[in-house]
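Shared chain: chain A. Partners: chain B in the first complex, chain C in the second.
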Partner chain A sequence: MNIKRRWFITLTIASFSLLLTLILFAPLLAVHDPLAVQMNSVLQPPSSAHLLGTDELGRDVFSRLLYGGRVSIVVGAAAMLVSVAAGVLYGAVSGLVGGGIDRLMMRLIDALLSIPSLLLMIGLQMVFPSSLLSIILVISLTSWMPIARLIRTELMAMKKDVFIQASTVIGASPFQLLRRHMLPQCTPTIIVLAVSGISHAILAEATLSFLGIGIPPQEPSWGNMLMGAQTHLLSGAWWLAVFPAGCIMYTILAVNFLGDRLQDHLAAPQFRKGDKNEWISS
Partner chain B sequence: MSGFLLEVDRLTLAKQQQVIVSDISFAVRKDRVTAIIGESGSGKSLTARALIDLLPEDISVLAGSVTFSGEHVFSMTNKQRRHYLGKEIGIVFQDTWQTFDPIQTIGRHFLELFTTHSSLSKKDAKEQALYLLRQMKLGDAEKVFNSYPHELSGGMRQRVQLALAIAMNPSLLIADEPTTALDLQTQAEIIQLIKDWKTQSGSSVLFISHDLGVVSEIADDVIVMSNGKIAEWSPASQLLTAPRSHQAKQLLADYLLLSRPNQLVKQSSNDLLIKVENVTKNYIKKNWFKQEVIPAVTDVSLHVAQGEIVGLIGESGGGKSTLSRLMLQLETCTSGTVHWLGKQPFRRGIQWVHQDPLASFNQRWTIEKIIGEGLDYEKEEKNGKRERVQAVLQQVGLSSSDAKLYPHELSGGMRQRAALARALLIEPELIVLDEPFANLDMSSQAKLITLIQSINEKENLAVLFITHDIQVALAISQRIYVMVKGSITEERYANDMLSTTNPYTKLLLSRMPGLEAHRNKKKLMKVEIHE
Partner chain C sequence: MGRFIIKRIVESLFVLIIGSMLCFAFIRTLPGDPAAAMYGDQLQKLSDADRLRIIENLGLDESLPMQYVKWLGQVFQGEWGQSTISGVDAATVVAGSLQPTFLLLLSSQFLILLLAVVFGVSTGLKHRSLYDHVVTIISFIFLSIPPFWFALMLMIFFSVYLGILPTSGMGNGQIRYILLPSLVLALAHAGYFLRLIRNHIIITKNSGFIFALKARGFSEWSILKKHLLPNASIPLLSYTGISLAVSLASSVVVETIFSWPGLGRLALKSALAHDYPVLLAIIMLSMVFVILVNLLVDLLCAWIDPRLRNQVLEEGK
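For the complex of A and B:
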């Protein structure tokens, strides 16, 4: 890996950790209450009193950005974890068992995939009461299927590999084969899926909030803030849209880039001897 | 100097600063076959690539020169070089797959060649190509001409490659391990074709191989290479009867070990380990409307007793590997039964060494982890795992520092040893070796055979040895099954094999390379092989 690239990775990790720290310590850093309405300072541009300006109800954009980041990051990470876990489990069972059960399980996925996911999300969101937990559930329920299918295909192909058969001969049970050989072999795929899962979940949360059926409107989230911004964009209140949108874009780019590096790193442990500490140089 | 077509003078090749081929000088005589023989990694292929100025990028010529009929190869102009490579030299590689453009038909390969290097019209070029293909004894030349490379078998592709190589009537044919990947029958035919072409055209051949049997059949002069140096350069007849260098003697010893039938007859003990009864395996190929049944193994019965080395020979595609997988219960039989009669449970009593060790390893794991895998599945055997792995490594002749390496860092022979070590670790009663020598050179083969035989004697381990190479099978096994098209046609003791009456076995035996050497066997046996 060349020096330039290493610098870039270090920079990404540093800036992303800074963002996470800011979000984590939001209660200490936010001078203003993110929910406090101040009708005497509505739609103020960035100034020393309000670092990133105020919105249409006079709420501090900087404070809302920090608290909103909590929602977006938590939703992204949690929805990803749930959907990857569900997808890998479902795919592993289907791929390993094979035969009729596999066919049945795959048709079920086909059926679920045939429903447009946004429609399903809106439908489910109407059933569940609007809350953080429900939004995590709704997003993961609509995004585990492609993961399951990919894992199942990988396992199907791998079952015929000679090294899997060699391990069978040496006495490994199907579960041991899965845990020791097949899943580690799938890690690159799983990483890619997890990373795109985070991006997808953050965007889905923003979409739902933007449509007004995500996080309750008074709670801040990056998506919610964007929805509030749309009516005032034309009147010149650019700070309402630029900062949340920038946060979403930066988070997704950073996660994707780091995931990419992680995938390169995990794909072939046999080729990275001697530079085991190369990846994280910070 | 006249009489020499190609002269190599003090050639030295290096990768970065590390010298790989050092200071070699030899010459190829006109109208003669010169062979370069040596272990894999001895620099013979690199030498050949230096002759045609096609070295890999990271290899450079440090010193020396190559002269082809008076002209220096390294200082040719582009035009001269094209003439030299295209018309004066024909090349046949070991790999018959990557040398063809997969999206062009065989015919287009010929047409490209003729339009570049001759002024033949398209029609004449096709005529010429068909003539060449027929010369290569390809049954339906027209059909081959219109086929794509993947539609031909390895042997057919090798013939086409040969036809392409000699199309321009070159004055030198370079053949780099042209028969290594082929079965014995095809090997014999290809060698015959090269010989015929040489006699007809009066050109020279530079033949590179690791197989002394093949070399003794074809070569007039032999160059023995070892560790990037020339160990000996002498006429073939002299090399076979009175080798001077240590390396040549070792080669001959390895060859004799491989070509001498196993004289040991063990009284087949009554303690059977595995008994295969009337096993049949059919594969079903589904077409759009109908199903086609493809028989792979038909009505096979065989048995292996304790401490026995049993050979199973047959041509590639003859169902040998399928049979081994049926015995290992990796696939289910269509009919018939496989009985395991050993004392240990099935999955521990029978072990497997696959022909491609790299494919049979989880490449994310180190050798130590791979070899030790068998113990991970045993509850009570967890302690002392490291010591046991070290012991078995030593047993197969690997050093303990190899344990920390990953599979791709080992050489072919070492990988096969590691695969054997993994099988030996859990102390099975029977090991199935599926073409274990397919990718190894002769000296690695000889070493592995000695190893397997010594383990067999010491630990009373039974071995089922599957191979297409009757020579190796004879050298190692006590009893041999011959398999043709999915069924077993003959069962015989190895020392009795030469008196067979079965026509197919006779055919196999007659195709063993170096039969001349066999006829002179008595003479050869007398050669002092010092060790």
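For the complex of A and C:
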């Protein structure tokens, strides 16, 4: 790994940690209340009083950005955890049991994947009342399928390996096989999927909130800040759109990039891309 | 080939049946009593006997499997219920939005293929050059931009700042109306295609038979045309099926922003207005469409490359 590359990774990790710290300490850093409406200072450009300006209701953009970041990160992390857990469980059962049940389980995944994800999310949003919890549920319910499929494929391939057959011969139960041998082997895959799951969930939350069916409008989130910004952008209030969108893009880019490096780091040495600047991934 | 076709068709039928069950389950989990939805406040005035009659008329007293079969029969006869907003048949409402979405999907798919083939092949051939790095990084960035943000930026630049392209609607079907929506839809995931083709070209380029062709003195161009490109056509084709579902999903966003009168905008509008029959019709229609296209793509791939057929048939054993 050359020095330039390592420097870039360090920079990404440092800046991303900074963003996370800012978001974590939002109550200390946000001078203004993110929900406080001030009709006498509407659509103010960035100034010393309002670091990143104010929105159409006079709310401080900087404070909303910090609190909105909490929503995005919480949704990203929670939705990822739920979908990875569900996907690994489903994939493991399908891959271990095999036969007719496996085929049926895979057809269910095919059916779910045939419904365009955003339509599925919109449909599910109709069933649950809109809240932070429902967003997390809806996003994780619509994103566990590829994970399950990948885990199942890995288990299927692993079943033919000699060390698994040997464990079966000495009497390991399917559960023991899974816990002691198969899942540890899948760890790199699971970690990489989890990281890409975070950026997927953050983008999904932003999209849903932007469309007005995500986080309720009074609560700030990066996505619904943009929804409000759409109308004022044309009249020149650029600060309403640039900062939330910048945060979304930066977070997704950083998470994707770190995931990519992590994948490389976790791969067996002979498959590492190392300093060859390549983004080959399946 | 015959066995493969039959196997794939049976599989797709299974997927269709499971999918229809999911849709049915969706209807049943929707909040609200169907009788209340039909009669609203009037329901309070009805006697218990009347209510029972309504429930019987709606077929809600039968067992779930029976209800499912009945519902499926109605779906096949084109009875998808009425839009709760306009009272028009859901099928008619949806049919009106089919053509715009179809146009949008077609043009964006064309753009995707164009971008992916041109840049994928050229970066694959110039692997590890500066050009390769730049294109790869740009495609990486485009994959991280939220499509709605990109759409807004394009709209501000081309429609508001330069004022050369219309901001919304589809006019009378002039090309300049479709330009921005299809560009956003295409760029949102042309990057995947690009990487797919690039990686495939890199792998094929270094394989033995290409080396042998070079040794025998074939020109770079004829190797590219007769060997590299046909080899890259399989991943391209098989990814088209997946990309269709992705495009349909992003079309909700793109159509909403550009007020494109298609399925995606209709889906969001009916969701916000709690117009379940229309929303369900769109979901079912796009599901069937995606399943059929995937079936077609798989059959085409297997027809082009016999190795794939055998792989699938082996899997079943």
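Assume the second predicted complex is superposed on the first by the 262 of 282 C-alpha atoms of A that agree within 3 Å, B and C clash if a C-alpha of one lies under 4 Å from a C-alpha of the other, contacts with A are read in each partner's own complex, and residues count from 1 in each chain.
Please note the rule applied: a contact is a pair of C-beta atoms (placed from the backbone, for glycine too) under 8 Å apart; a residue touches a chain by one contact, two chains touch by 3 or more.
All of these numbers come straight from a predicted model, not from anything done at the bench.
Of the two partner chains, chain C is the only one touched by A:213; chain B is not.
Using the contact criterion defined above for the overlaid structures, shared-chain residue A:115 touches chain C, although it does not reach chain B.
In the superposed model, A:185 lies in contact with chain B only, and not with chain C. Applying the stated contact rule after C-alpha superposition, one finds that A:161 touches chain B and leaves chain C untouched. Using the contact criterion defined above for the overlaid structures, shared-chain residue A:4 touches neither chain B nor chain C, since it reaches no partner. Counting the residues of chain A touched by each of chain B and chain C gives the higher count for C. Residue contacts after overlaying the shared chain place A:170 against chain B, while chain C stays out of touching range.
Across the superposed pair, chain B and chain C touch chain A at no common residue.
On chain A, the positions that touch chain B within their shared complex are 161-163, 165-173, 176, 180-181, 184-185, 268-271, 273. Interface residues of chain A facing chain C in the complex, by the touch rule stated above, are 104, 107-108, 110-120, 122-123, 125-127, 199, 203, 206-207, 210-213, 226, 230, 233-234, 241, 245, 248-249, 252-253, 256, 276-281. By the touch criterion stated above, chain B contacts chain A in their complex at residues 325, 328, 330, 347-348, 350-352, 354, 356, 359-365, 373-374, 376-378, 406-409, 422-423, 426. Across the complex, chain C meets chain A through its residues 11, 14-16, 18-19, 22, 26, 29-31, 128, 133, 136, 140-141, 143-149, 152, 156, 160, 195, 199, 202, 245-246, 248-250, 252-253, 256, 267-268, 271-272, 274, 276, 279-280, 282-283, 286-287, 290-291, 294.
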